[in-house]
Structures are given as structure tokens and as C-alpha cells.
Amino acid sequence: MAITTDVRVDGRASDQLRDITISRNWLDHAEGSVLVEFGRTRVLCAASFTEGVPRWRKGSGQGWVTAEYAMLPRATNTRNDREAVKGKIGGRTHEISRLIGRSLRAVIDTRELGENTIVLDCDVLQADGGTRTAAITGAYVALADAIENARAKKLLRNANAKPLKDSVAAVSVGIVKGKPVLDLCYEEDVNAGTDMNIVCTGDGRFVEVQGTAEGVPFDRAELDQLLDLGAAGCVELGLIQQKALAK
Amino acid sequence: MAITTDVRVDGRASDQLRDITISRNWLDHAEGSVLVEFGRTRVLCAASFTEGVPRWRKGSGQGWVTAEYAMLPRATNTRNDREAVKGKIGGRTHEISRLIGRSLRAVIDTRELGENTIVLDCDVLQADGGTRTAAITGAYVALADAIENARAKKLLRNANAKPLKDSVAAVSVGIVKGKPVLDLCYEEDVNAGTDMNIVCTGDGRFVEVQGTAEGVPFDRAELDQLLDLGAAGCVELGLIQQKALAK
Amino acid sequence: MAITTDVRVDGRASDQLRDITISRNWLDHAEGSVLVEFGRTRVLCAASFTEGVPRWRKGSGQGWVTAEYAMLPRATNTRNDREAVKGKIGGRTHEISRLIGRSLRAVIDTRELGENTIVLDCDVLQADGGTRTAAITGAYVALADAIENARAKKLLRNANAKPLKDSVAAVSVGIVKGKPVLDLCYEEDVNAGTDMNIVCTGDGRFVEVQGTAEGVPFDRAELDQLLDLGAAGCVELGLIQQKALAK
Amino acid sequence: MAITTDVRVDGRASDQLRDITISRNWLDHAEGSVLVEFGRTRVLCAASFTEGVPRWRKGSGQGWVTAEYAMLPRATNTRNDREAVKGKIGGRTHEISRLIGRSLRAVIDTRELGENTIVLDCDVLQADGGTRTAAITGAYVALADAIENARAKKLLRNANAKPLKDSVAAVSVGIVKGKPVLDLCYEEDVNAGTDMNIVCTGDGRFVEVQGTAEGVPFDRAELDQLLDLGAAGCVELGLIQQKALAK
Amino acid sequence: MAITTDVRVDGRASDQLRDITISRNWLDHAEGSVLVEFGRTRVLCAASFTEGVPRWRKGSGQGWVTAEYAMLPRATNTRNDREAVKGKIGGRTHEISRLIGRSLRAVIDTRELGENTIVLDCDVLQADGGTRTAAITGAYVALADAIENARAKKLLRNANAKPLKDSVAAVSVGIVKGKPVLDLCYEEDVNAGTDMNIVCTGDGRFVEVQGTAEGVPFDRAELDQLLDLGAAGCVELGLIQQKALAK
Amino acid sequence: MAITTDVRVDGRASDQLRDITISRNWLDHAEGSVLVEFGRTRVLCAASFTEGVPRWRKGSGQGWVTAEYAMLPRATNTRNDREAVKGKIGGRTHEISRLIGRSLRAVIDTRELGENTIVLDCDVLQADGGTRTAAITGAYVALADAIENARAKKLLRNANAKPLKDSVAAVSVGIVKGKPVLDLCYEEDVNAGTDMNIVCTGDGRFVEVQGTAEGVPFDRAELDQLLDLGAAGCVELGLIQQKALAK
């Protein structure tokens, strides 16, 4: 695939991520916490570790990891009403919370975790496209921190438990003005003919592939290009996660 | 890709659909209605055509198509509580309703529809895996009937309006016991390592690709096999839809 | 009472039921299931048998039978919003669910049932008047099947337990154009001055009598005529139930 | 029918009402208001008259009358949770609100009312059986007052408008210890084999008949006795209403 | 502070309470019940005593006292929709319920109460300003009665238990037309520049002070005047409570 | 009043504020936005300016200012469930949102604002006591920025419009270990016998005074000390706000 060098709305190459920042320990109380930034997209990921599991999992010897995603009312260009005020969670929120949870569970060995629960709260403080992929990428780091915190407190199954089987990161790809591009900002997102979210493990395998033709359906060749672009982007994000965790 | 001929739980070849039945005009009141069966999975799809569009679309000259998915309490092996009684729609229901709506809109030319709304109600009477893909496949036929019904009543933009740009069908694929298979029944679904839903237009292009690693992440080769299998299944379903509409 | 032979909207005699069809085992999963049709009114009744009883009944040695009624959005001439989407059950739905539950409990010996619960889900697939009476009539058959199913699995109190004391059926009667008629279809229902639902046991006694003057209040003579007509209709329905169960 | 003179729990004859008190103008703000007492059952009925009608009735030239029933948490022997706190109206509340509304509308000529709305709020301050029948009986008086209040303010269709076609009252009857009795108190109600609510107009015709076999189904002879008893009770209540309105 | 003798809307002196009436045992079922009237404001306070405490308090040896406030739809000049119908409790209702609960707990020794719960339901039958302060003042008397009732039934910690440490009463004060006044009626309330609720114990100390500048912010001198006025009003209410309890 | 110099939990003097930080323009989209920190308490305040007012205010020539307060699930030591997931706003949230709105409206001249609406979203990212007072203090600055932003876009009543009559700030005071202290952190808050929130305008007058005896009721002398301490704290906060706005 030829990487286009045409100028994107923010001057990036088609296979170029936005500036990625991962700030660990952004909160004082949470067992793990990260403020993750994909350009202007800013998501606060807090990992809460609690002993015990939901009732349906008791006695299984296995832990549980879940996630909740939400957006502050003024994360976006115009204000959105609060879901708490409306009295119900919208379909999009539900869908993204479930995606984040599944993505993290893909790299968790629940037996090694022991009967403990980790909830990942991903709150979008500012949105500029790619909030769900930023959330997954940041939540992984918060999750890793929460697990090390639990290890230190001797709350895991044993001292050498390895609840994390691999890392996980996510990125969006899409076809904008007929060309495949990586990590779409909001302006690109609204103009994308096809929009795809790719979630990969650190070893390059796929956890989730979600592609949607917003306008014109896409053919297999386009799909292949998007998969290549997304997989490469996840590799890059994996390195940034590693670097952040090494600090 | 070698098509395995090993016996599946119900004796099908790996690339074989279940028995598909599409019964049109199953209801007396709806503008279009289909009882679609993928083996034991049975979904009632009702298309309701109403003149006018939601407020946010008024004056646009464009129509609107949306969908709602639900499952009867005893569609499944054990009874599920009603969402109406619980007082809220669950995340899975929301997600599938949105998927069906997007899939149908992918083949609709909203300008040709004129300022009219079509709601597709997809109610699962009995579930045995693949309810969302059966719903999309059946809803397309109900939608086509509702459009012809509207044409007869002169409610479309004009007598020759072509609101349908193409047909759309969907099928699930997955990796079961290490092998890619088409159109999973419930027993296969719960044992699938990877589960993917493919939505394609009649001309073989992709509208949605949603793959999830339930257990082990999947690699690119597996992903390619699944895409091949799903695309071929959709072609077959497209022919069945055509035959049903020709009656 | 003189039975009028004037032609009704669908040509029936004033004391004539619509065509009644009771299709047993319409679903594969439910312990009992019936698709009941009163003319164009079509209700799917599913009986779910589960061991155990609600908390307030534990240790009583008695079982519990309850019912939930609902209507698909496009069961009717124009589409109704889903109660799950509105986030609450309407008054009419509540009222009918309670009526069905009470009617079935009237013929249940809860001691003979043992500490088991049977939920009857009555979902109206198509409505043309008399949905609640069709639901009761069909639900009785599904209930009988669920009990025999439980007996076969040795889940009842003992092998000879008789949880069913009698059969139960229901029918609507009303005064249309000044004349008492049996089993009103929708068009008759909206024009009825008085509308009454009669629920009777197989031995001809009353379980419920619910009469409402929609327009002009009714006098005792009219009430007596309606009671005669309804009781006779229930007898006829009881025979149809017997025949269905004998198959 | 032989009226039994056996002593009931509170010493009444089988056809004897409890002490009935109707206190008009119990509130300062409402257009009509009544504290109605059937023995220890105490219901506050407030009629709110407002100009205009709900949207679906605009331009019809007709008014609208509706009712809402509720019970204070400690109206009963043990405290019930508030429906507002639970976040939803229960089935019983819905059912009774609808019954009261229908009963009052049976004596209203909505054309004579003009495009005005009257809401009857019936709040049970203390419950000792028969709250719904007390509510209907009291609400009629509050309604009559609200209409005269509106007439004085020249809000009716014209000066001689007769929105009230008749009066309406309600009473419960039931079979207790095998004998038909009138106006059951709570203790009788829980022991009743059959429980029936009768709503009649001042001229002795029926508006609603709702009979339920709580235990053993009832036969036609018993039903006839209950209807006689209830109709006679309503006549008596109609006189008490007249007397109250004459003050 | 000079007490103004200018005529208020209802002719009272600036430091004069409205006519206060406390009617005990207004209900037959509740362990304590009071109809309290501050002029035309009329609140029914019912105290429900139940053995046991909420789960989070079990085994603590301490009891719990809480309150719920609500207003009947037609307590006010124009009808308000029911919160149960709207499906949620409004902010104002929540706020007042919490205030009443805190105020009563301030005079309760939960150890002396033993593991028992008392719920105070304060339902406003008619509102003319000062409903929350009337509710607190009346609820205290209902609470005292419920405690004596429990003592008689030997449900307290022991025969000499003193769950009540002191009495508590409340009154509103405000600046109307530039002058501090006591116990505002509705008409004064809407015109008040500053509105303050004072809750005091029988020994003259403060439990709650809640002052709000509705229009112009208030200075320290005004605040001092309001505190003096409110504290004196509470002393007077305490005497009225004593007198009521002495009956 | 003698200012105690005893060491508080974090070493502050009794009349000493925590470190206060006000970071303006923390968000890119909002018309005004502030991250305000009172020690470890961190609140994100976003002001959303929109043309037009709620329906009930249309045509009045006056604008509207309102606020919504919320806390992220892991702002606190242990995770709290989301109110959106629970489907309703809790009493505390309601109460604080209303307090913030009233406090800001106290310094707004709605006529000068013109028919525009400003919503202040105050989301607590981290909580360590005093979140509502931090929210008010920060929201004022965001509000001031939103107004200047609107002035620049010529959206105010006129070029010289002065919608802000004064500044407003808030602080908590309380009696901890028997001594009055300023700006309580969480650990002090839970141990406080009395807890009071003071809201003052820049000119030193009171907008809100909310004092609650958590344990022992407080006397007038203690109340006076708390008012002195709080008023002085607000003066200090006013200077910090000025400095922040001057940058």
C-alpha cells in the first residue's frame, strides 16, 4: 500500500498517529489512573480494584474486568445533555463501554487475577475523534498499574501471578477523500466514507475489528488496506504504552 | 481456503448456511412483513411506513429508515426478563438495533424515498444464534415490500423513484474448534473462539464487519478466511432474498 | 334472549365465535407454548416452568403462577412505540397482565404444584380485538402443557399431583348497534356501547366479569344478556381447548 | 335475596354501608375538593379545573376529565414504599386511576364542558378497604363543585351548560364466609371469596362491573345477588351525595 | 432589633407566628401521626416504627430515623404533576426530605433507640409557605409518639431508654419589603429578598441554618436579625409542641 | 475570635485556605472553562453559552444561568456507581447543582445578559472535601470568561452590557475537634461536628449560608465564629479569582 503524503487536515501523513501522551497516576485515589491524549482527545481512565467478584462469578476462582465509558457534557463542540439527567444510558455509550470491556478482557487471564474485580472508568474530558480507541489504549495502562498495585498489596492469586497475558491498544482508521488514513480526528471522522476501529494485542493479533460504511460500501481491497494501516498503528501505540509503563 | 467437510453439530459443511425461509406478508397490518428463519432462529420483521420524518430532518427532502430489535422473553432456552419491565433497554439490544438501522440505510437513497419514515421492527420469536444477521436479511425484504407498497399508494418522491440502491444481507462466521464456519447456531456460537458478523450488499461489497475474539485473538490469515466465508454466504442469501421477492 | 341473525361486520351470527385456532408447541424451548388465533388476532403464549418460587413464598410448600402481556409495536393498524423504549409499562398492559395471572391462578392448586413457578408470556403478534381473552384462552393450554412437561420430569409435588383444578377460557361480549354480540373484532370493539370480558372455568362458573359502559350506561337486562352470551362462548372455547389438548 | 342479619366483623347488616361522610371544600385552592370517608377509609378528592385540553383533543370542542389515584405510604397497616421513590407507578395504581377516570367520564357530556380539562386527584389518606369506590363516590362531588365553580367564572360552554348528565357512585360487594355483603372493610376484603366493584349512575344503570373470584369461582346465582346488593348500595350513596351537594 | 408593627399581608406582627395547630393521632394505623397546621399550610406527618435497620447498619446496635417529604398535586394554587407519574423525585423534594431527616436525627440518640427504624412521612395536603418547617415541627411530635408507642410495646433498648435527647422545631424567616419577618406565608415568600429556614433544638441551639438571597445579597447585620427572629420563633414552637404532647 | 495555630491534619492554621489553583481555558471547545483545585479537590468547570432561553423565559428579554454538578465514579476513595447507570440523579447531586445555580444567579443581571443561556457544568475529577465550594469558586471564573467570549462575538445585549454585578466565591467552614476551621479537607469534614458552606459576593455580602450540625447542635457564639471565618475566606478567594482573571 502506498502511503499518501498529501496533507491531511492537520498536516499528518496518512499513516501518522496524532501526538500521543499517556500521563500515569493522574488521580490520587484510584489503584491505576491515566490521562491519555490522542491530539486534542483527552480521556481520563481510572482503574478501581476491589476484592470479590459479582455474584454470578462467586466461587469460580476467576476475577472480572469491566469498563464504563462516558463523556462530559462539554467534551464536544456543542453541549450534550447528561445521561444521568436524561435518566438513561444511550446506545452509543453502552456500545463503547462493552467494546472497552471486551478488549481488556482479551488480554486478562481471569484465573491469575483471582476473585477480584477491576472496573475501568473512561471519562472523555475532551473529544476530537477516536475517543473509544484512546480509552482502550489508556485503560490498558491504568489496568496494568492497578494490577501491580494489587500485587504489592498481595491481593492477587499469588506473588507471581500474571493476570496480563499481553498488552492491548486500539486505533481508528478510515477512508477519507478516497484515501485510507490512520487515527482520524473529528473533522476527518465526519467526512469518512468508511470508519473502522481496530483493537490489537501487543503481538499483533486482532481482538476487535469494527468497520462501518458510513457512505459507500467498501470492497475487499480497501478493507485490506485499512487492516494493514490499523495493525501498524497499534504496534506503534504498543511501544508508547511500554515506554509509559517503564517510567 | 480449504472448506472442511467435518461434521458440524448439525451436520452442515463449514461453508453451508442453515435452512433459510423467508415468509412475506406474515402480518395483515404492516406495509411490509417477513417471518425469516435461519434454522430454528425465527425473527418477525415488520416495516412500518409513515409519511413525514423526525423533526431534525424536516425540510431536508430526505427520508429516514431506522430499526428496533428485541427478543421475546422465552425466545431463548431459559426465560429472560422483559426490558419493558426492567424499565430500560440493555446494551446488547441497543447495539443490535443500531447495527440493523445502519445496514439498511447503507442501501437506501434517502432522497428517492422522499420525506417519509420507515421503521423496521425485528422481534426475535425464537433464538438459536445469528438473530441479528437473520434480522438484517429479513428486514431488507420487508423494507422492499414497504417501498413497493408506498409506490402503489403514490407516497414516494415520484412514480419511478428508486429508494433502494442495492440489496443487503448479513451472516455470522466464526472460528469453532479451530475451523472457520458459516452461519453459527447457538451451540457453535458459545464455543466460538472468534465471532464475526458480515453485512454485504448484493454487489458483494461490505457494509459492516464486526469481529470479536471471544477467547484467543485471531491473526490476519484467520481474518481473511472469515471474510471470504462471510462474503460468499451473503451472496447466497442475496439470491434467496431475490427469489422470495420474485414470488 | 333472541339471537340476532343480522349480518355483523364479518358476517357472523351474534352468538358466533370467530375461527379459533390453537397451535401447540409453537416454540422449541418453552415448557409449553401455543399460538392462539381468534380470527386475525394472533397471540403467542409461552409457559416457562422454573423450580423455586419468589422469595415471599419460600417455604410455603406452594407454587406460583403469573403472567406478562405485551404487544409487538406493529401488531396494530398503526405502529405503537415500544414500552421498553419508553422505559415504562403502560396502565393497559399492567391491567391485562394482572387479569391473565388472576384468571390462571383461579384454576391452579398451588399446593399440588409444589414450590415451582410458571410464568406465562402472552405476546400479541397481531391484534384485531379480544387480545386479552385470546391470551387467557391460549395461556391455559400452554400452562397445561408445561404442567405435563414438569410431571414427566418429576418436578411436581408427586407423580399424581393435580395442579389444574379445572380449565379456564375467556371471551369478550358487547353491545354493538344496540345488540349483544359475542367475541368482538376490533371494528366492533371501537363501536361498542358496552364492552365486557368474561372469564369462566370449564364447569361454567365465573372467574372474572369486567364490564364497562364506553358510551351509555347499561341496565340489568342488558347485563344479563351479556353474561349469558359470554358464558356460552366460554363453554364453546372450553371444548376447543379440550380438543387441542387431546391431539 | 334474604339479607343476612348475622353479625359482620363490625356488626353491620349484610346490606349496610359503613358510616359515610362527605366533607366538601376541604382544600382552599382546588376548584372542588372533598374528604370522603367510608368508615375508616379516608380519601381526599381534589378537582382541578383548567382551561384548554390535551393536544390530541384540541379543536374538538370537547372537554376532558381524567383521574389519578394514589395512596400515602402510611395509609395502610404497614408502610408501603412511595411509587415516586420507586420511580414507577404500580399496576394496581394504574388500574384504579383508569377506573375512576372512566367512571366519571360516563356521566360527563364533554361537549357541554367545552374545551376544558378537569383532573381528579384521589389520594388515600387512610385505607380500610374500598378505597377505589370511596374515591369514585367522593370524586363525583368534587367534580360537581368544580363545574359549578367554572360556571360561576363563565368558563363553561355557556351559562346553561349541563356537563353532568347524571351522578355516579361506587361500592364494593363480595362473598364473605359464603354470604354476599355490601361495602367490605379491609378485614372482610382479605377474607372474601369473591370481590366485586359496582359503579352505577344515579338512575340505577351500570357504568362498571368488575368481579373477581379470589378463591372459588362464583356461579350465576351468586353473581346476581352481588349485583342486586351493589346496585342498592349505589342508590343509597347517590342520596348521600345529593344531600352533601345540597348543603 | 426593633420589631416592626407594620401590617403584614395577613395582619401579623413581624415576629408573630401564624396560628399553629398540632392534631395528634390523626391516623389509625401509624405508630405516631400528626396533622400540623401553620395557618393554611397543612402537613400530615406519619411515623412508622419498624424493628430492624437497613443492611448497612445491622449489628451496630444503633437505630435509624429517616424522612420522606412530598406534596399532593393540588396542595398548591395550580396543580403540579405527580412525581410518581413523572417517574422521578425532583431536586426540591429530595432536598427537603434530607433536611427533615437530618433535623430529626439531631435529637435522636440512635443507641437508645436500639436497632429499630422510624420513617417519617411528611405529606403536604395544602401549601401556603413554610411547608418544610411545618413538617419538621409536626414530625417531631409524631416521632415522640412513635417512641412512646414502641416503649409500651417494649421494643426500645430498655424500659428507660431515652432515644430523644431534646425536641426540635423549625421556622422560616425572611426579609420582606426590607424588613425581617417570621414564618412567611406563600405570598410573603415569593416576595422575600432573603429566605431562611432555622431549625433549633428545645434548648435553643441550632441544628440547621439555611439562608438564601433570592434577590439582593444580605449583610451580616441582616443575617443577625434573621437568626434572632428564627431562634425566638423556634422557642415558641417548642412550647406548642410540649403542650400538644401533654394532652 | 482567636485563630488557633494548632496543627490541623495537613498542618494549616485554622483560618488558612488550602493551595488554590485556577487554570483557565482548560478545554478547547467551551466558551469558558476552568480547572479549579482546592488542595487535592479538583473540579472541571465548563461554561456553555447558547443563544436563546428555555421556553418559560422566552420573550422576557432576560437570560438564564444554570448549573449541573456531578462526580466521576472514582473521584473518591472508593468507587461510586454512576448516576447515569443507576438511572437517576441522587438527592445530594440535585441539591448541589441547585446551590451552584442559585449562587451564580445572585451575581448575574439577567437583563444585561439578553436572551441567552449559560450552563455551568461542574464535574468533580477528584474529591477531597469542599467540592461544592470549589465548584462555585471555579464556575464564577468560567462564567466570567464565557461572558467576555460572548461580548467579543457581539452576543450580549449591547457592547457595554454588564451581566456580572459582582464576583462570587464559596468556602466551607466547620467545627473540628471543637475548633472553628476554614476550608475543610475530607478527613476534617467527616470529623466535623458542624459543617457550614458560605457563599459570598466580592463585596462581602452573603448569598448562601448553609450550616448543619452533624453531631452536637451549635450555639450562636459558634455560629458567629464560623460566619466570620467563612466571610474572610471568601474575601481571600475573591482576590485569587481576580488574579486568575487578570492573566
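Note that the chains are named A, B, C, D, E and F in the order they appear, and that numbering of residues resets to 1 at the start of each chain.
One rule holds for everything that comes next: contacts are C-beta pairs under 8 Å (C-beta built on N, C-alpha and C of every residue); 3 or more make two chains touch, one makes a residue touch a chain.
Here the structure is a predicted model, which is why all the values come from computation and not from measurement.
J.: Chains shared as neighbours by subunit D and subunit F?
T.: E
J.: Tell me the fewest steps from subunit A to subunit F, where a step is a jump to a chain it touches.
T.: 1
J.: Need the most distant chain from subunit B, centre defined as the mean of C-alpha atoms.
T.: Relative to subunit B, the chain whose C-alpha centre sits farthest away is E.
J.: Comparing centres built from CA atoms, which chain ends up most distant from subunit F?
T.: C
J.: Quick check: how many Å separate the C-alpha centres of subunit A and subunit E?
T.: Those two chain centres are 51 Å apart.
J.: Based only on mean CA positions, could you tell me how far subunit A sits from subunit B in angstrom?
T.: Distance between chain centres: 28 Å.
J.: Could you list which residues of subunit E touch at least two other chains?
T.: Those would be 87-89.
J.: Quick one: ring order starting at subunit D, direction subunit E?
T.: D, E, F, A, B, C
J.: Given the complex with subunit B, which residues does subunit A contribute to the contact?
T.: Listed in rising order, the residues are 88-92, 94-95, 97-98, 102, 106, 166, 196, 200-201, 203-213, 217-220, 223, 227, 231.
J.: Show me the residue ranges of subunit D that touch subunit E in the complex, using the header's touch definition.
T.: Its residues touching subunit E are 27-30, 33, 40, 44, 46, 48, 50, 68, 70, 72-79, 82-89, 93, 119, 121, 123, 125-126, 128.
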